[in-house]
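In the part that follows, the structures are each spelled out as structure tokens.
The following pair of complexes shares a single chain, chain A, combined with chain B in the former and chain C in the latter.
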Partner chain A sequence: MDPILELRGVTKHYQGFALRDVSFSLPRGYVCGLIGPNGAGKTTIVKMILGLVRPEGGEVRVCGDDPVYAERAVKDRIGFVHEVPAYYGHLRMGSIASIVRPFYRRWDQPLFEALVREFEIPTNTWFDSLSRGTRTKAALALALAHHADLLVLDEPTAGLDPVFRRSLLERLSAYVEDGHASVLFSTHLTSDLERMADYITFIRDGRVMFSSTREQVFDRWFIVKGDPRLLDDSIRQALAGVDVGPHAFTGLTSDPAAIRRRLAGRDAVVEAATLDDIMYYVGRSC
Partner chain B sequence: MLNLVLKDVKAGAIFLWAVIPLNVVAALQVSRSGGAFFWANVTCAAFILVALSMLDWKNETGVFVHSLPVTRGMVVRGRYMTAAAIGLLSLLVAASVGTARGLSLSAQGASWPRWVSGDIALAFLLAYAVIAAIYLPCYFRWGFGKGNVVAALVLAAAIIAGGIIGPAAATLADAAAGETVRGAVPPGLIPRGVAAFVQAVGLPTGGTVVMGAAALVLWLSSQVAVRACRHQEF
Partner chain C sequence: MLRNALRKDLLLNARHLWGIVPWFLWVAYAMTEPEAGRITAVGAAFIGSLMATTIGAREDKLRTTATLASLPVSRGTLVEARYLVAYIVGAATYLIVVMAAGLPWSVQRAAELCELKTLLLTLTLASAAIAVLMPVVIRFGLLGVLVFLGVFQLLGVGLMVAFEFFGSRSSVGVFSAIERGIAALHAGLEQPVVILETLAIVGLAIWLSFRLSVFLAKRRDL
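Our next item is the complex of A and B:
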């Protein structure tokens, strides 16, 4: 498959934080969820894709181009929504769009106007006076209006009401349907991704913990719950992380068959894990 | 790049239009003194340039601007083009105000003011270009806060140096050009130096050289600013 986005062995050091050997790719026509706790390095990766932050080692490629050397061409293909959309606060939506429009070769004004109407973005209000959710909607309208090959969304659903959130997720799924465009969706609200992500990349402390298809993730990880007296060394070794309470333990395993064999007929259940479970336990096990 | 200038014009319209009332107020306040009028105009133009940077800083638009399909070099050069446009706009307004003042004085039978002339217009462009050439690399290297402090210190040093070198240069200029340069020309190394130079070589040659010098100063400064911006991360 033709990757629209590829990171290979990317490194970057800051005081107290480093991205180490970050590698993952996203084929055309798919949605990738970039998940991880706050401060894991998601926003740094997003900024590297846009060339706003430069890697010290490794390679970033967007449609085969390096964002550092093909800055303009790469950014023309990206629709970007920042976690805190910041435009000129004393301007109205129309003025902001008139600033953005001439920069993009494929700007679609009728589409933009339709998005503004659909998202119910007030056009006569200063950007500073808009709510957080409406600012995000405005940023989404600007990002969607130029037929980007790659949508890079950094925490786009924060501040959005559940109704709009759901319709946004449907719109993003439809956006990639023709197989031409892709979406990289950075978030720590993992429930959004369970509905629509094709790939999941989990970052923690600047490292990629795993990067695979959603099916592989959910086929691999399972939650085990049971009586804490069942927790012997062999069970503990098969768990990637475990919480032990007075009446029950809960753990994550990537070897459900072995756990099922050992706990057969005993007071325990093995069930599907959520992304939240996986983030929580895999993160703790490191 | 023109799109970046248009962005600055749209975003900074409130400050760009301020050039007119600022100049009119300055003209009313200092119309008796050509020197004060000259430096008030330079200050107004520099204020508008700094105000544009303040808008970017206040709205935290660094990520927005640099996520548009532009290179860092284009962002820097776009701001230099805006700076040049501000300088020319300010000059146009100042020349209009100055001409109105000159016509009013002429109608009263007084002589045409010395400070409303081609050589002083050239001096305005050069003085403003020097300020922009110092300010913009500092802004692109250190941002609005620290960049302003560094630029202010460098400008203060330049003014002090001008104060030391200026009188000696003015003496030489006066000796070369005669008593007409002193007194009627706005104070300062740049206006006096430009006036003396233009008097010595004529307005066409002097104008070409001074405008070339202003363009060269801005071009060299833009090279420094592009390098400075290359290392910035957002």
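Our next item is the complex of A and C:
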């Protein structure tokens, strides 16, 4: 499959933090969730895709181009929403759009106006006076209005009400339906991705813990709950992480068959894991 | 794209550039002083260019740098637009002073302010300010401007103290020497050789400053 986005062995060092050998790709027509705790390196990766941060090693490719050297061509194909949407606060939405519009070859003004109406963005209010959620909606309208091949959204649902959040997720799913565009969705709110991500990339402390399809993730990881007295060394070794309470233990396993065999007929259950569970236990096991 | 970047900078900063307006009340007053015409025009262009140069610092303060750099425009073009805006604002402020010479109470002659040597001196001083400050703004943003101005101030104070206590001449003499140097350059700018030399030095300084700014802008992580 033709990847619209590809990172190969990307490294970057900061004081007290480093991205190490980050590799993953996103084919056309899919949604990829970039998950990880705060400070894991998600925003740095998003910035590298936009060419705002230069990798020290490895390669970033968007539609086959390097964002640092083909910056104009790459950014013309990307619709972005930064973690904290920042535009000049003393301008109104219309003025901001009039500045942004000429830069994009495929800007669609009727679509932009329809999005502003649909998202109920006030056009006569200073950008600084908008709520956090409305600023994000404004950034989304700008990102969606130029038929981008790749939407790069950094924590786009933060500050949004549940109703708009759900409709946004539906819109993003629809956006990739024609198989031409893709969405990279960075978040630590994993429930958003369980609904719509085709690929999940989990990053922690600057390293990719796993990057695979949603089905592969949910087929691999399971939650095990049981009486803490069942927790012997062999069970512990089969768990990627475990919490032990006075009455029960909870752990994550990538080998549910083995766990089921060992705990068959005893006071324990093996059930589907959520992305939250996976992020929590895989992160702790490192 | 340069046109878009230029338009962006002018639109985004129009409100801040209105901050120059109160200064022009003083310009209107200065038109009544017989000796103040040239220095007001040169000073206006110098300050206008300097203010426009700090656009990047305001973008840092408002945290819009990353957003603007995410638009489909190269960093080189964004830097180019900043240089152009600095010159446009400098030229506009100079033009306003020339127009102020036409005020009913003015004792200045607009034609005198438009002499080639005065225009060239203005270009030289404004270019020097832009050439020195722009790379600092591009690389370090608001903090860079503050540190730069602070260091410049301290350097001046340090020089004054050093000359007062250890020098054979008073620091006033040093500043007078700078003033005399500018006056000598102004007078010399009537000679074709000096004009060519000055234009060559200004052009080289701005080109080097621009190349350095582009280099720094491309390597800056946002």
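The definition used in the following text is that the second predicted complex is superposed on the first by the 286 of 286 C-alpha atoms of A that agree within 3 Å, B and C clash if a C-alpha of one lies under 4 Å from a C-alpha of the other, contacts with A are read in each partner's own complex, and residues count from 1 in each chain.
Just so we're on the same page, a residue touches a chain if its C-beta (ideal position, glycine included) is under 8 Å from a C-beta of that chain, and two chains touch if they have at least 3 such contacts.
Being a predicted model, the structure only gives us computed values, none of them experimental.
With the two structures aligned on chain A, chain B clashes with chain C. When both complexes are overlaid on chain A, the residue A:159 reaches neither chain B nor chain C. Shared-chain residue A:82: touches chain B and chain C both.
Look at A:251: by the touch rule set out above, it reaches neither chain B nor chain C.
Chain A uses residues 47, 50-54, 71-73, 75-76, 78, 80, 82, 84-91, 95, 98-100, 102-104 to touch chain B in one structure and chain C in the other. Those residues of chain B that touch chain A in the complex are listed here as 3, 6-7, 10-11, 14, 55, 58-61, 63-64, 66-72, 74, 233-234. Here chain A touches chain B in the complex through residues 47, 50-54, 71-73, 75-76, 78, 80, 82, 84-91, 95, 98-100, 102-104, going by the rule given at the top. Of all residues in chain C, those touching chain A in their complex are 1, 4, 7-8, 11-12, 15, 62-64, 66-67, 69-75, 218-219, 221-222.
Across the complex, chain A meets chain C through its residues 47, 50-54, 68, 71-76, 78, 80, 82, 84-91, 95, 98-100, 102-105.
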